[in-house]
Structure formats: C-alpha cells, structure tokens
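Which chain is which? They are A, B, C and D, in the order written, and residues in each are numbered from 1.
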Amino acid sequence: MRGYKKPTVSIIGASGYSGAELTGLVLGHPSVKLEKLYAFSQAGKRVADIYPAIGSDIVYERYEGGCESDICFLALPHGEALSLVPPLVSDGRLVIDLSGDFRLKNTEEHLKFYGGKKSPEHVMPYALPELFHETVRESKAVSNPGCYATSIILGLAPLVKSPLARLENVACTAISGISGAGRTGKTELSFSEMSGNVRAYKVGAHQHTPEIMQALDTDTLNPAFGFTFTPMIAPLVRGIYTVLNVRFEEHLSVSQIRGHFREFYRSAPFVRVRDTMPEVRHVAHTNYCDVHVAAASEDGSAVIVTAIDNLVKGAAGQAVQNMNIMLGYDETLGLL
Amino acid sequence: MRGYKKPTVSIIGASGYSGAELTGLVLGHPSVKLEKLYAFSQAGKRVADIYPAIGSDIVYERYEGGCESDICFLALPHGEALSLVPPLVSDGRLVIDLSGDFRLKNTEEHLKFYGGKKSPEHVMPYALPELFHETVRESKAVSNPGCYATSIILGLAPLVKSPLARLENVACTAISGISGAGRTGKTELSFSEMSGNVRAYKVGAHQHTPEIMQALDTDTLNPAFGFTFTPMIAPLVRGIYTVLNVRFEEHLSVSQIRGHFREFYRSAPFVRVRDTMPEVRHVAHTNYCDVHVAAASEDGSAVIVTAIDNLVKGAAGQAVQNMNIMLGYDETLGLL
Amino acid sequence: MRGYKKPTVSIIGASGYSGAELTGLVLGHPSVKLEKLYAFSQAGKRVADIYPAIGSDIVYERYEGGCESDICFLALPHGEALSLVPPLVSDGRLVIDLSGDFRLKNTEEHLKFYGGKKSPEHVMPYALPELFHETVRESKAVSNPGCYATSIILGLAPLVKSPLARLENVACTAISGISGAGRTGKTELSFSEMSGNVRAYKVGAHQHTPEIMQALDTDTLNPAFGFTFTPMIAPLVRGIYTVLNVRFEEHLSVSQIRGHFREFYRSAPFVRVRDTMPEVRHVAHTNYCDVHVAAASEDGSAVIVTAIDNLVKGAAGQAVQNMNIMLGYDETLGLL
Amino acid sequence: MRGYKKPTVSIIGASGYSGAELTGLVLGHPSVKLEKLYAFSQAGKRVADIYPAIGSDIVYERYEGGCESDICFLALPHGEALSLVPPLVSDGRLVIDLSGDFRLKNTEEHLKFYGGKKSPEHVMPYALPELFHETVRESKAVSNPGCYATSIILGLAPLVKSPLARLENVACTAISGISGAGRTGKTELSFSEMSGNVRAYKVGAHQHTPEIMQALDTDTLNPAFGFTFTPMIAPLVRGIYTVLNVRFEEHLSVSQIRGHFREFYRSAPFVRVRDTMPEVRHVAHTNYCDVHVAAASEDGSAVIVTAIDNLVKGAAGQAVQNMNIMLGYDETLGLL
C-alpha cells in the first residue's frame, strides 16, 4: 500500500459525466477518501445540485492549480490537462488523466487529431491494465484510455499480441451512447433530434484510431495491416457496442479463437469472454468488458463483438481500476 | 394503365406492422382503391381499434382464400404465403408478396434459412425497382425485397453491377429498428429490456444473406468475394442504418465512387446519393434510401453508409412503388 | 373559395419544428401552393439540408418584411410576431399566427406571462375551430391556439360551454413531448439528460393558463372555479397527454358525461370521443384529438383524458385546419 | 443485532425485476450474506445468464417450500405468497414479502382488487418505515409497500398524519416506468408500442388505492375526503413520478407546507424535501424519495410532487431498508 493510511483523492473537472461517475465510485470506495472536487463552470454548486442521485453535499471548488491529495484524477476536455499535470507530478501526486492529452507518443499525430500545443515530453504510460498491468503498477502518473479505444483494443489484443494467424485487416463499427459526447447542450444531441435516430460520424478520422494503433503496436505485426473505424451514436445514454470484422490470412474456427481469448484474459477480472452475444444492458453501470467471438468463416473472416459502459470501463471505472493497481490494492476494489 | 378504371386493392395479413403501413399508404394513394383487409388473429376488429392513427373504420376479415381485387398484397409471416399465392396468380390478380417465400431461386438455400416446404416453382421476380425496373413492369406477380437486403443491395449494386474495381470483400453491419421484429410480445423486445440496449444477432447467419448474393449475382463478379453480415437491434422503432466496409483491389477516391453512385442512380427517384452523412430520422416515414460514400483510403478500403425506413422502403413503401410500376403509373405516386 | 385560383402560401419562421411540420403539410395540401419559406438563422439553406425527410429543395430566405402570398403563416418565437403581423394584415393577406403574441385580450396578463411590448390592439380571434368555427370562417387574421391549451380546452369545453353540472374545480396534469421546447440545444433537453427522465415545470405558472381561462370564459360560469395546471416533459418527441381531474357539485355518470361529449363534438371531424383510453401513439402525426371519460365517482369527481400531437393538432395541423376554414375549404383538406 | 453472526438471506422469486434488484443489493450489503436464490421458470440458470450486469454465478433453485436462511424475502406475483409465508413465519424466519398479498386488512377489499383466496389472518404489518418505523422494528414478518403507494403516501402523510388544515380532496396522477409491469413479453409493453407513447390505465381502479387509504387512515381525518388516482406508463424503464393535487379547506403558503414536510421527515434518511423540482433521473438507482411543494394558491389548492425509483424505494431498496430496521442495523446500511 506504499505506506499510505487511507489515501486521499481529488478530482479536477468533477462536474462532467466522467467526473460525476468518478465521484460516485470514489465515494463508494472502501479504501480511499474523497477530499476535494474541482470544477470550472459549476464551481460553488454542491454535487447534489447537479447530480442529486449521488447525494453528496461536497461543494465544487474553482480549480486554481495544485492539489493536496495523494491521488489526483483529471477529467477535463481534451487540451486542458496539458499544463495542469506536470506540476502535480513534480509535487509527487499519483496522477490519472482521463483526457487524450498524454496518450499519444507521436506528437505530430496528436496535433493532427487534437490540435493544441502538445510537445514530445507530454506523454504518460497508457493505462489499459489488461495489457500494461506492470507499467501501471510501477507508474506514478498515467493516461487513462479512451472509451472507443478500450472496447476495440480489448477485442483485438489477443489476435495482435499473440497472433494465431496473420491479421490482414480489421473493419470496425462501434455504437456509442450519447453521454460520450459529454454534458453539453447541442441541438444535434437533443432528445428531439436523437430519439429514433442513428448517425455515423468522423468515419476513418476519429482521434482514437492512432491510440488504438499505438496500443496494439500493429506495425510490428503486419506492415500492410488495414484498419477502418466507423463510430456511430444511437439513442442510448451509456455504452459502447463494438463489432470487429477481422480478416486472417487463414481460416480459424470460432472455438480456436474463443479458446485463445479465454487464455489471453484468464487473469483479467473485468474481461468476460462469453459464449453468448454481448448486450449493452449486460455491462451498463459495471466495469466489465464482455467479449464474444460471434462468427468465423472459411474465407478467414471472423466477427468479434465487445460491449462496455463508456462511463465506467471506458472512463471512470477504468481510472479507479488503475488507481487500485497503482496503490497496490486488489484491482477490483470498489468496482464489483 | 392496363385499362383499369381505379384498380382495387386487398391486403392479406393487414394487421401486422408492414400491413398497417401498407394500409395507410394505399388509403392515401390517389389512383387505387382499398377494398378489403384480411387478417387472422385480429379478424373482426376495425383498423382504428388497433391502429387509431390510421383512423379507418374498415373491418379486418378472416382470410378464407381467394381475392376479388385487382391487386393483392400479402404481408404474412414467412412460410404462410407459399400456398396462398399460386391460386391468386391463376386468378389473374396482380400479386405483391412481402414475405421471403418466393425470393430465393435456390430451394436448398431457402430451406436452410427458412425451413418449411418450398419447392422449385415457388419463385417470383425479385422486385427491387432500382435494379430490376423492367422485370417488375412486365410481371404480374413479384417478390418484395427484405428490409436489410434493400439497404445493403442499394449500397453495393453500383460497385457490383458496373464495377469500378475488383471487389475483394465486404463487411457489413446494420442496425435495425425494433419494429423489424414484428408486432409481437417477446420479453427480449420489451421496452424494459431494449431501452438503453444494443444487441447483435444471427451474425453470419441471417436469411437475407443469400437474397443479397442472389440480387448482386456476385459469383459472376469474383469467385473469392467474401461477405460478412452482422445485424443488430438498437432502441429505435423504425429504420435500418447500414455500414458497408468495402475492400477493392485498388485505391479509389471518395469522389470517384460518389460520382459513380450518382451516375448509377441518376434515374432512381427514391435513392439519394448525399454529400453528408445519412441519419435514420432523415428517412423515417419516407420511401427514400439515403446513400453516402463516407471514406476511402489508400489500402483500397472504403465505407458506404445507407439509411432507409424498414417499414417503408424496406417493406410497404417499396411494395407500393412496385405496384405503381406494374400498373404503369409514375413510380412515386402516393409516396412523396 | 373566395375567388382564389390556387392560393399561395408563405411561412415566416419556417425552420423550427412547427414551421417544418407546416412546410410538410402545405407541400402535401391539394389546394394551396407553397411559395416562400422565410427563416432567420437558417436563411440560405435548403429545406432538405435541415429536414431531409421533407425532401424539398426550397431555399429558406431571410425575412425582410412583407409577403406576396395569399396566406401567411407565422411560426416564430413568442414576441417576434407582434410587429410583423399588422403590416401583413393591412396588405390584405390571410394571416395565421402560431405564437402567443395575439392570443390574450388582457394586456396585463399577457405582459405578466410573456413580457415584451404588447399593446391592447395586439389581439386576434382565437382560432380553436371546434369552439369558434364561425369566427375563424369570417376572419382574415387569427391566432392559432397553444399546444397544451388545445388539449385542455377540448377536454373541458363541453363541461363549461354547456354545463351538465356546476364545475367546482379542475386539477390538470399534462405530459408534453420534448419537441414542444423547440429546436434548441439546451443541456437539460439533451438525450443524455432526458432519457429515462420525467420533470414537471412552471407548476401553476404556465403561460397557457390565461389562454385556457379566456377560451373557456370560466368567469361567467363559476366565480369560485379553481384551475390547477402542472405541465411535465417525458422522454418522447411528440404528443401531449392530458389528465383532467374534474370536480362537479353533483355526481354524474361516465355514460352521461360521455354522451354529452359525443353530442358536443358531433360535427367536429378531428375530435374523437373514444370508449377506450387514448394513447399518444394513436394521435402521433395526425390532427386528431382523442378524448375519453375515464372515470366518475359518487363524490362528483371525474377524470377526462385527452391526447394530441403537439406539432399537428397543437400547432401546424390546426393552423392548416384554420386556413381551410378561412378559405371556405373542407376543414379536413390535406389533413387526413 | 438480535444475536445473529452475519445473518443469511434467501430470496424466493429472485428472477423477476424486483428479485434481481434485491439480489444486487443483498450481494453488496456489508452485513448480511446471500445464501439462496429461488425461482420458478428460471430455475437451473445462473444469475449471470439472465442478469449479467449482476455478475453472480449463483444458480436459481426451484422453490420447493421452506427456507434455511435467517431472512426470507418473497418477490412473487400477487397471490403466490399467501400460502408460502405462514410456514416461514412459524419456522421463525424474518420474512419480508414484496407482494400485495398481506397488505390489506380488509379482506373484502383485497378480494375486490386482487381476487384469489385471502382470508382475514393473511395480514402483516405495513412496512413503510417513514411512518411505521417502530412496528417494523418489532416485527418478524412484514409486508413491503407497493411502488405507487410509497410515492403517494410519502407525499401526503405529513398533511394527513399531522394536518395543517382540513384536507378536502386529492387528485393524483402518477407516471410509472415500464419495469413496473414486470419482466414480461406483452405486445403493449414492447419497445415498438411504448416508444413515443404515454398511456393511462386502471383510472380510479388501481389496487394500490385501498393500500394508500389504509396507510393514511384517512377516515379518521375527514369522512368526505375524496381521492382520485390516475396511473400512467411512459417510455422510461425505472421511476415513479407523482403529482398530488391537494385541496385544503383554507389557504396555506408554500413555505408553511414545505416547513411542515421538513419537520415531519427530519429523521427520515431517504426522504429529501427539496426546494427544486424532483426529476426521475435524480432518484433512479437510489433509495431516495424526493418531495417538493411545487405550488399553493389562494383557493386552498396545492401541488406536491414526489419521485422514486419503483424498483428501489418502491420495492427492493425499501425491503432492504426494512431488513436493516428488523435486524437493528442502521437503516441506510448497504443503501447509500
């Protein structure tokens, strides 16, 4: 436990959807203590004013820099964490950043997808515990994965990290709940526009694509590897439902692939390799990622389906999972 | 107009969702007259008892065989039309069957996907007017396409019927509104189970797959051609949203493909090749199929997105479009 | 037909939800011609850019005042029609205003609920055709009722205009679809906030209350009459579902009240006095108002339930109904 | 703690929505141990097969009578608990029944609303802890309140149990989430029928009405007291949103009433008397009942609004709250 008594936690950017989910999880965590919630537009209000379901009387404070707590979570819009994280790290805080600011090693690619002013030193270890558990355990500051990225990487990692056959290409479509767009008032996200609607966006141009490629390190695997990603939103609040159309150089059977996934994730408490089709409602409000090998055919194609809750395993839950690992706690503490 | 005064219409199986949609369209059609509505479980009730929004006092009659009207639509569960259609055809009625019973030429494949007792003579011309306008015009009895099949075939036909480059494979995911499952009371289709949920099903095993292959006649194009289809349901009532991950042997640009689609559909009043992303709400309650070339990359992959209303262009609307063509009317009569 | 050939129509404020609904209805109307669509923020765009389901290529023009068409509909936010209507009336146009600007005779009450700069001459006949058919027929400029007001007045009018017994008080709760809030991007109307949610608002303080009292002219009936109104929004796009808890001085039976409603509305083509419970889906996308006497008990209380589509009978459909009457057409033309 | 070590719990009828909610709460409870889950149609399946979000491998056993656990919850359809409870009570189990079987003292009224074979001895204390805390604490077998009843009684109790002024009548409308109808496959509860829909039902005839009257003991208060109840379902899964139109003999101000509610519920941890309007999303997945005095006018009318989660405070959560009290635990244990 790195000699902590009951470590204290602050959340910077606590009033958005990820911040609120994190607030609830930290309040319910048996072995850390929530100390401060920092916000910007909502500073001065109580948690219960904006999120009465959480029922906490803590008042959001305006963030002026610094943080006295042992652990600092940052749940800010992309770009805003770049300047805030370094001083917290120098102060020796454990830092878990939920934004995209510190994920990409390739600065050029970062600027292409996110813009802003990132420089090469703005990189922190990529904290997807199912792949990088050791690195997370040894880090004092990490970058929490994106929601789409989590659902896609967990569905492909076994096939890339310990390949059964050469992967030729992957065509991925993923449906996200609308909370993924954040707590915002845009006409195109209003109930009147999204009820009964489905819409794809940023086809082949989503900022999670380089993050996925980096985590999978696909270059090492297959120079000709092709990846196509089509994100969509549908009329649900939470969840990411991902369909991975995978193409191998040779035919693999469903049971071969399924067995391989089981083996690969045998020690991952939150990845459930299931024999039945995942559904969003089966993972909503949980930190699970359900994975299913849905089909495989003679021509070498296969279909992998994954489901997560974008606000939990895709954001706040995974951040707490990382905190547990960094503190030397059981990975699942406060998450089951 | 084949010498009809105002042709009369009967609908057999009028109380399901497709039958009700058809009832509304025929009632609003300027040049045909709705004569009889036949049902089974709902026989004896008035349309307005089950579908007050239609506001018609016509009473559903129990179907005992035969039909006095000039045009007979059949909107029955798969299998039930097999024995009903032949006598109607011999009686010289114009017949439009919305079921899957008469779509597949390959009896073996039909039995594999639908079961039942189809025999080789149980085949009628496949009435997708954008591809087979002439055949429909010259037929007295046709098979109306399936909803998924319509959205997928219209997104692929230009690339298959007049290829720009050799198609290597297609990975298709399609989201259907829940009305596609029909007017039924299953727990897994209840509001409580489907609100906030997404679920894939019949991956690589949906009965529309052979229908799509038959309509595209892909064998002639590329013996190694691979097609993977993942159908899903999401929390909306109407609509099919289809993402086609297409892989060509060589790179084609978005504008090349888009121009090709424009040209291919230049005389198709209901296919809109759009420069912006389709959305289900843009086609809901209409007979339009919106098509968009969303992306294309160096590796030869491209993404085509289509959207239709499963009950209109995917069923009742297309059936009326076919009726218009068979009667020598303007294709769009009563549909705009 | 007042000697018109095919009267022409313009819509001022055509790009909001009511304006769009009106656009669709006028385009489908057999006996008027849509000439111009005026908008403000959306000026320069085509209808099909914002509402592809309408599929019209008409371009929204910036409104600079004036109108050459025979009929001018105004579908603007409250307050904006005050200055625009008078010149149109002087020009001899037929004017139908969908805002609240000209509904209230009592300027003081108007200012209390709407604010702005209304003066006493800013009043036009209240065009609820089921009550004021003659007035509408003889008017050249009318005020179209509010959505809640329509659903409530139609549920109470028979009991107030030709009372069966002295009305002591009415407690009304009404659920509105979220489109009632207009085409806007507010956080509290986002899909993420409203999915799974219900919220009351403006309890006892909604601007439709004086409009309802004025239309029912309750003062003449019972000086002590009490009316309580609780509006709510729930997760649906269209519709208003109204429950009227009525209290009479004496007991009346359900059949007495139901018979009275039937008689009162015998010549109202869009009011359906039903024996079964209304549902929003039964009136969605229609101009019907379904009315049902749900219960009546010994203590003199009774429950009346009504349902309408807020965008049709509650706005655009009723406006077209009024236009039909003003033009001497059949009231239902283009609406069934 | 009545000398228990860690008391054991069994749930009879664990596979319905209330049973599943109860399963999750008991699994998360720090001071009781879940021992057995009994079901009927689902016997033999694992919890995770039907409710993967709960993620428990416990297998539902077919209930054959009896129960070895210290606490037995029954979450069965109305009528099925009548014969099962008495033997459990004689065996000295702590029994909490969630059905309506043992709520009503008046057998005649029970038979009128529920039918079946209840006899006068089939009555257990009514366990609404905010009103009957002592009774619950001293009981070994209790009847858990109905969902509508909970939301209505908590909104009226302060005005009935310690009246500020004579109550003349109450007109109540309440909107329930569709999960209130249970885990069932009825056409009228399918997503396709309920999306975009609102429907009232059992107006003035709901089985919770006598339960409410009994709990409020209104006879003692005002022989002429009138109560009208209109239940509705809307397109949400969880929650009950209740509007109480209250009429007093004299005028009371909002602040008078609000202060009175605050005082009345000062020691009720789950009732929140709020200054702002309740919303379903504010109580969803919590055991809170939010109460708000929304308006009060000169004529003596007032509007009280309450919101609960029908599956938590309206069922499983309240059952756990009652268990805590019966075990001498803190009322909120495992519920915050």
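Keep in mind that, in the parts below, contacts are C-beta pairs under 8 Å (C-beta built on N, C-alpha and C of every residue); 3 or more make two chains touch, one makes a residue touch a chain.
Bear in mind that the values here come from a model prediction, so they are computed numbers and not experimental data.
Student: Taking contacts as defined above, which has more of them, A-C or B-C?
Tutor: When the contacts at A-C and B-C are counted, A-C has more.
Student: Determine, using the mean of C-alpha atoms as each chain's centre, which chain is farthest from chain A.
Tutor: Relative to chain A, the chain with the farthest C-alpha centre is C.
Student: Quick one: report the Å distance separating chain B from chain C, using the average Cα coordinate of each chain.
Tutor: 37
Student: Using Cα averages as centroids, what's the distance between chain A and chain B in whole Å?
Tutor: 39
Student: Round to the nearest whole Å and give the separation of the Cα centres of chain A and chain C.
Tutor: 47
Student: Which chain D residues sit where two or more other chains touch them?
Tutor: Residues 177, 193, 195-196, 235-237, 279, 281, 284.
Student: Can you tell me which positions in chain D touch chain A when the two form their complex?
Tutor: Going through chain D, the ones touching chain A are 52-53, 55, 195-196, 272, 274, 279, 281-286, 288, 290, 336.
Student: Which residues, counting only chain A, touch chain C once they are in their complex?
Tutor: Touching chain C: residues 17, 177-179, 181, 183-196, 235-237 of chain A.
Student: Taking the complex as given, what residues does chain C use to touch chain D?
Tutor: Checking each residue of chain C against chain D gives 169, 171, 173, 175, 177, 193, 195-201, 203-205, 224, 226, 228, 230, 232, 234-239, 241, 243, 245, 247, 277-281, 284, 294-295, 297, 299-301, 303, 305, 307.
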